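So, here come the structures, one by one.
Each of the two complexes below includes subunit A, the first together with subunit B, the second together with subunit C.
On to the complex of A and B.
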């Protein structure tokens, strides 16, 4: 497997002496290049800490994270000070609060911030910024004030800012939590496009189970460990385990699994989205009427 | 009861940035009910919330609380702020005291209650939101995000308002945290008789917990009524950037797919919006489909 991120014995504690409770404890995992992974878990399960460790915002108490960077042409160690700039060029991060991550007052200047800092020649910056803004559908807004945009638009500017760095992997830390339904849809569509069109590896931390259902792989964090790891279909079969961790399954899955349990065996338990659920139910009604 | 009568609010009036946030709306918040307000960003719902406790006064029209104009005088507005409690989005950022207890006590102590009265209010409010006595003595800044949120809500509950207005009370919480906070609020409503106004982007939450829903678009009321009535306006809601609850979506798609195959779907109730209702609506229909229909007893 061509991996992009590999964690080995990853451990993190917010206590300085390292003897206190571990927020992340002895994790081993790899993220495949070009994949879309969702990490779910309740508040305090350690999922955001894992995300921050992967891009070097936090440094592990023990253990290592390796980034297999094509741009740098070698494997980087996140905890190595000599590698950290390459790590940040390879792995970008979009945070939860849209107001916390815009630095400029004009949309295109904000998007140009990272490539400028990276010393990209100015004609190339122009191209990168325009491409990034087109990718998130905000090219028309390039000269607008950033603070007058809606939350969803601000998140898209933040995403464009990262795309302008041509990252290989982008981590979204609950980036849709503060958005309205339209903003959430827009951001999720762009996330899927980044993976499908540009081959960027996507890691999505979320509380919304229907967003996690869009991923190739779902990891469930609980008390600093990964307790479930698999395709959404497999993970959302474990309804009871998820509930015991303070999580739930998407409503479509919940409905299907309850109908299945009530003896409608033609409906699988692990339906993922509304479209699939509707299709199966409609087909069953059609079969019945004939 | 709160009543909005021909209320408008204009930001930056007489400036080049003039913008009508609320455009001549009238509605009532009925006593003892949970009223959900939905609308996309910029639809005017937060402006409406701020007018409910006289934080801002309408540019034109009147906001009445139990028949009295809350903006008629400064005293009236001041009194209103104790009767209508407002919990902002991400209220945990507003905690400021040394201990949880003191933070919750801030509101009631401004009401001029004596020490015993304040203590009683604090304990009552802490119990409603599920904070233990032990937590009361700790600093609010040592708590988890979910606990902080509860402290902030307790601070408003401690004033025992007649109406509690909450802007996105569950945003950013995990599923268990969401249902716990919303469950506790509805329980509080039942025991105290306080009316709740719930502003949210989550159609599922609004559908599940509200008795009445007001949907806003462009500063106007798009539709209002019971959840079933509001969510039957599928097209209008979608066109104004709002989603339907996932379950309503499933039912609509089932109907559409069946009708494409020429199946009459009048028997299918598409106005359901919770998993429970959809399950109850679908089970008898699907049971008959595998020949077990006769054995199904309702």
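On to the complex of A and C.
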């Protein structure tokens, strides 16, 4: 398997002496190149900390994260200060609050920030910025004031800002949490496109189960540990375990499970998508009325 | 209610002055101030006035806007005029009123002083404030001062701080607005009472604002690190500022005006 991120014995504590409670404790996991992974968990489960460790914002207390970077042509170590620049170049991160991650007043200037820091020549920056803005569908807005955009548009500018540094993996740390439903849909569409069109590895930290259902792998974090790890269909079958962690299952799954409990045993319980659920139910109704 | 604060009073446009290189504009502003202060007699002051009027015409800024910008300094103008009228000694008495004597020279001096002030404000506003965006201005300051970074002056850091401050002003204004509304909804009263009471009422606005600003700063720092920010070393820019023919032509015009004023100064008696 061609991996991009590999965590080994990953431990992190916000206390400097390391004796206090550990936010992340002794994790081992691998993220496959080109995959779409969702990490879910309720507040304080350590999911955001895991994200910040993977892109080098936080340094692990013990253990190590290896980044298999194609751009750098070797395996990087997150805790190595000499590697940190390449780590950040390989693994980009989009944060929760769009207002707190835009640095410039003009859209295109903001997108140019990362390539400028990388020391890319001026004419190439122009090209990268235009490509990134087209990828998020904001090319027409390139001269707009960032402050006057909607939340969803701001978050798309932030995504373009990360895309402009051509990362191999992008982590979204609850990037849709502060958006309205429409902005959330736009951002989710772009996230799926990034993976399918550009082959970028996507890691999505979220507490919206419908978003997690779009991934091809779901990891459930609880008290600094990964308690469930598998395909969305498998993970969301564990309804009781998820509930005990304060998590819900997607609405379609919930519906299927209640129908099942009500005696309709024909219905598969691993339905994720609303559309899929509607089709299955329609088929069942058609069959029964015959 | 805080939304109508226009920052730096920049008016977007497409005039010649808007298109000039911001670095050149900073230098032109300095040159302009030199020109205004070298004009020492009515003739050279008239030349300076022609320069100011043509710059205003070129900027296509509404004359009303310029007159409005004079308002805050009206007091200073009146004060300067009055001081000069009464305290300038001279030979030709205009009129005497008890102990106070007003001389012809005093009035002349006061009029010229006021004209000079008006020209100073109009010119600098038209060249710099009204026609240059704050972003272009910080950018220009960074590039103009960049030689100083060789002797250890953190010019890039200063420019970055300025541009981030500019970027966050509208965000923080929005936030203040929200906090005020939230406090009002809880029954806070900001409008009545003594000055001291109203000042005290601001504390519940300032504390949440400061706390959230620190939080924002923390997150922004992480986001900037994630986007590979590591100071000014090895950093390139998307937009490269380049001096064009218009910048050279404009500098020629400024140089010619300055030369003319110096020539007129040698020909006529200095008044200012």
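The working rule: the second predicted complex is superposed on the first by the 290 of 290 C-alpha atoms of A that agree within 3 Å, B and C clash if a C-alpha of one lies under 4 Å from a C-alpha of the other, contacts with A are read in each partner's own complex, and residues count from 1 in each chain.
Assume a contact is a pair of C-beta atoms (placed from the backbone, for glycine too) under 8 Å apart; a residue touches a chain by one contact, two chains touch by 3 or more.
Predicted, not measured: the structure shown is a model, and the values here were computed from it.
Chemist: Just checking: does A:236 make contact with subunit B only, subunit C only, both, or neither of them? Give me first, second, both or neither.
Modeler: Touch partners of A:236: none, neither subunit B nor subunit C.
Chemist: Contacts for A:287 in the overlay, against subunit B (first) and subunit C (second): which applies, first, second, both or neither?
Modeler: first
Chemist: Return first, second, both or neither, reflecting whether A:122 touches subunit B, subunit C, both chains, or no partner chain.
Modeler: second
Chemist: Touch check for A:103: first (subunit B), second (subunit C), both, or neither?
Modeler: second
Chemist: Do subunit B and subunit C touch any of the same residues on subunit A, and if so, which?
Modeler: None.
Chemist: Give the list of subunit A residues in touch with subunit C in this complex.
Modeler: 52, 55-57, 85, 88-89, 92-93, 95, 97, 99-106, 108-109, 112-122, 125-126, 129, 146-147, 158, 161-162, 165
Chemist: Which subunit C residues qualify as touching subunit A in the complex?
Modeler: Spelled out, the residues of subunit C in touch with subunit A are 134-135, 163-164, 166-167, 170-171, 216, 219-220, 222-230, 234-240.
Chemist: For the complex, which residues does subunit A have touching subunit B?
Modeler: The contact residues of subunit A facing subunit B are 41-44, 96, 150-152, 174, 177-185, 207, 209-210, 246-248, 250-252, 254-255, 258-259, 262-267, 274-275, 277-279, 281-289.
Chemist: For subunit B, which residues count as touching subunit A in their complex?
Modeler: Touch list, subunit B to subunit A: 40-42, 144-146, 171-177, 201, 203-204, 241-243, 245-247, 249-254, 256-258, 261, 263, 265, 268, 275, 278-279, 282-283, 285-290, 292.
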